[in-house]
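Written out below as structure tokens is the structure these notes cover.
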Amino acid sequence: MGAEFVALSLPPILIGVLVAVACALPGNFLLLRGQALIGDAISHVVLPGIVVAFLLTGLVATGPMLLGAAGAAVIAVVAIEAVRRLGKIEAGAAMGVIFTAMFAGGVLLLEQSDTSSVHLDVEHALYGNLESLIWLDATGWGSLLDPVALAGLPVELPRMALALLVIAVFVGLFWRPLALSTFDEGFARGLGIRTAPLGLALVIMSAIAAVAAFDAVGSIIVIAMFICPPAAARMMTNRLGHQVAWSVVFAVLAAVSGYVLAGYGPLWIGAQASVSAAGMIATVSGIILGLAAVAGPHRTRNG
Amino acid sequence: MLADALLLQLGYNATLVTLGAALLGIAAGVAGTFLFLRKRALVSDAISHATLPGVGLAFVVMVAMGGEGRSLFGLLLGAGVSAALGLLCVQWLTRRTRLGEDAAIGAVLSVFFGFGIVILTVIQTMNAGRQAGLEGFLLGSTAGMLRSDAILLAVSAALVLALVLILRRPLGLAAFDPGYAEATGWSLPRIDLAMMGIVLVVTVVGLKVVGLILIVALLIVPAVTARFWTERADHVVIIAGVVGGVSGYVGAAASAVAPALPTGPIVVLVGFAIFLFSLLYSPRRGVLASVLTHLRYQRRVHVRQGLLALANGQPIYEALTRRLLARSGLILPDGVPTAEGQAAASKALLDETRWAIVRGDQAYALAATRYDGLTPIETVLTPDQLTEIDGKIAAPRGIA
Amino acid sequence: MNLALVTSRDTDQAVRVASPLAVRGMTVSYGQTPAIFSVDMTVRAGAMTAVVGPNGAGKSTLLKAALGVIAPLAGSVTVFGQPMAAMRDRIAYVPQRTSVDWDFPVRVIDVVMMGMYRKLGLLGRVRGQHKALAQDCLDRVGMADFAHRQIGQLSGGQQQRVFLARALAQEADIYVLDEPFAGVDAATEKAIIAVLQGLRDAGKTVLAVHHDLATVPDYFDDVVLLNTQVVAAGPVAEAFTEANLQAAYGGRLTTARVDPESVAG
């Protein structure tokens, strides 16, 4: 548990934790708004957004990718709303039409274009490669204080930290209007809160979490973290602040134990190699949700 | 090449797959309509994602039993079992906890899919050469299919379609009129179970063609598309079947020409193209028609309100109203009504006065329901009735 | 529409400035059918006004459009003669109870604190005075003992009282209520009306959608009879007449609950 841990395991664990918390925070409000599946839709449209950004700029750079993905998320949300209103079609079906079509378009664009030189493919988009985010310059715990070694940290770590910071500031700053408009939209509008832009901002924050996480861990973990920790947390408490706190705890727990289980679990049962960390983190979050659904103190509507 | 594919000239296998995809598309379109009308469209997304661990575990089991692990039937059987488990989880979470169905769907699809990925990585380490093909279940892959698999696909697609057609009556009843279905002795939970069973079978059969990520589109897109063309539920079913069939047919044929591309996205985009056309140009609900009607309607409301204000000698507060009136030559730029404007204003006031009588009089209850603030009353009542009403205008009434 | 009423621009302007809430030419439509059409309404200061009309007459729509909760197709609103945007602090709103997700993880006291949103802003600290005000508002509606309950655990009537307490916490001059007595028990109805009359006696203005014709004369000073358009408006004694009710309800009055003795004229 020395140099090897700091170099090989610490960065992916930290990145996993940052991803999990960044998704769980907006996930709480999406869950309470009955928009849990918006997280699902967003993480599917991140792929076409990034592919289009890549085709337009020819770069795999954070800026264009972020813009492309956020743009795709906004387009998706607007399109879903348009289909819902024009066709008088329930939100779930409208969502199913739009995000599958955008994802399909992204896949075809990706397969058709020459992306062999860059790190972009469908499977990567789905479950990422958390294990590869290692810190070669680290020689031990001391490296955490060594500026030269710190410069060699995987770029995903500061990127994800920044995304989490932006999201946390957003949730902190707009906590009151978010809670108010989620609970009672009519009253919120009567107070002069502009609920439509606020809802869109929440979606954009979710898109930021999804796109920043996408490169490191793929979209499946993003969907799991948007939904499972907040859903489990909802069954632990009847207060919004406590729910968000529980969801952060669950997200961290799932990220850390999922990574450890994926990396070391197979060794404990005598197998050779490790399994997908992203898949295992999603699995652990599901187990946590299952436990909360069976034993959470506030798991039913009247409890 | 594409023309050959569409005319089924690309060989026996490709022809079987294309026909199978078309049959599957029809079945999915019809079954998806019932799902859509029961407002549970995205349950199918949970079902399809939940197939992945089953596919992986079936492979592991078959290898452990000494097989090669490639039997399509075995893999699909595993997919079906774990999809059913996923469906049970969704229903348990929705019923037994405070979570809504959307959260349950999202949780199940992501967790099952994540677990499936774990299994896939286990398989990778088991024996690298053997797992070839499992990725094809993610996005669909019909290129280079074995003859036996193509036959399995075509036959099971035909069977699913037959099943949907046999059960269409109870399914339709539950979707269009659940109250009546229950009153006539059908058990709604049982019909729902049958519907979910069909969706599950469609999903499993479609895994190899469309892939588990996108199969949900084959179920939903046709129904949503059909909704733009008709208000009649039975027509929705037929149109959805056609849209689904065309998507499957054209998509599978196109992918036979481009074997390097996954089949699923092509099928989905063919369906989406039909949907997009409907969204934009459907005469009743299309974007184009809606925007035009709304603008026209808003203008009529403003002109009417402006005329009534003129007739009552009240000021017009809104700039848009003034602009519209001026543009139609009803008022001068300074707000003074023209002769034409005065005539139109008195006509509007007379119309409103007559409507007020009609709406206050029980004898005209039916005509009163036609009131929308804009309809000229002559189009609703006969000249005789109008004369009768005009007689009442002179009489004192308690309005004002 | 006041068909016989012709006002000059000047007097109309004067009335609007004096009125706590004046609506002009308000039309709202869902799709191609207007829910309300060209509605003019001037609420009298210091009075309790009921908006009354048959189902689907657009009563809730009128309130929501007046408060900017939904966007009208046409029309303007003034509050004490000023545009709504500048006067939000002076209006308190009680939406329909059924419009809310009662499973939301929030306690009674937190709901009441929501009424202080405009005072607290995004990050303003909750101080003792705010908590005391919230507790006091709960006390005024008889819910002081329920402050720390989760809202989903309350009965319908209790939830409605909490909503009223939240409106009280807004410390406004105008109180707009959408169906405050729908689905509540008799004790709650009495408690709510007592609070509202207390507000009126303190010089505040109350405007409520009301569905029980029998209690209109007992509870309210003024009435607006609505059926897509305004059929009649004014003090109860003048506007709440048999003829006007017939005009507003058409043939449907027989199905509405009405006590003939309570109807003036």
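Going in written order, the chains are labelled A, B and C, and every chain counts its residues from 1.
Just so we're on the same page, a residue touches a chain if its C-beta (ideal position, glycine included) is under 8 Å from a C-beta of that chain, and two chains touch if they have at least 3 such contacts.
Remember, predicted model here, so these are calculated numbers, not experimental data.
**Student:** Report back the single chain whose CA centre is most distant from the CA centre of chain A.
**Tutor:** The chain lying farthest from chain A is C.
**Student:** Closest chain to the overall C-alpha centroid, by per-chain C-alpha centroid: which is it?
**Tutor:** Closest to the centre of all protein C-alpha atoms: chain B.
**Student:** Measuring from the mean C-alpha position of chain A to the mean C-alpha position of chain C, what distance in angstrom results?
**Tutor:** Between these chains, centre-to-centre, one finds 42 Å.
**Student:** Between chain B and chain C, what is the separation of their C-alpha centroids in Å?
**Tutor:** Distance between chain centres: 38 Å.
**Student:** Distance from the CA centroid of chain A to that of chain B, rounded to the nearest Å?
**Tutor:** Computed value for the inter-centroid distance: 28 Å.
**Student:** Out of chain B, which residues touch more than one other chain, so two or more?
**Tutor:** Residues 98 of chain B each touch two or more of the other chains.
**Student:** Two or more other chains touching the same residue: where does that happen in chain C?
**Tutor:** Residues 103 of chain C touch two or more partner chains.
**Student:** Mark out which residues of chain A touch at least two other chains, giving numbers and ranges.
**Tutor:** In chain A, the residues touching two or more other chains are 34, 234, 301.
**Student:** Can you tell me which positions in chain A touch chain B when the two form their complex?
**Tutor:** So the residues of chain A in touch with chain B come to 31, 34-37, 39-40, 82-83, 86-90, 92-97, 100-101, 103-105, 107-108, 111-112, 122-123, 126-127, 220-221, 223-224, 226-228, 231, 234-235, 262, 266, 271-276, 278-283, 285-286, 289, 293, 296, 298-301, 303.
**Student:** Sort out for me which residues of chain B touch chain C in the complex.
**Tutor:** Touch list, chain B to chain C: 98, 293, 297-298, 301-302, 304-305, 308-309, 312-315, 317-318, 320-321, 349, 352-353, 356, 359-362, 365, 368, 371-374, 397-400.
**Student:** Using the touch definition from the top, list the residues of chain A that touch chain C in their complex.
**Tutor:** 32, 34, 173-177, 179-180, 182-187, 189-193, 234, 237-240, 242-243, 301-302
**Student:** Mind pulling up the chain B residues that touch chain A in the complex?
**Tutor:** Those in contact with chain A are residues 36, 39-42, 44-45, 92-93, 96-100, 102-103, 105-107, 109-118, 120-122, 125, 135, 138-139, 213-214, 216-217, 219-221, 223-224, 227-228, 260-262, 264-266, 268-269, 272, 275, 279, 285-287, 290.
**Student:** Where on chain C is chain A touching in the complex?
**Tutor:** 64, 67-69, 85, 88, 91, 93, 95-96, 99-101, 103-107, 110-111, 114, 117-118, 120, 122-123, 150, 152-153, 166, 176
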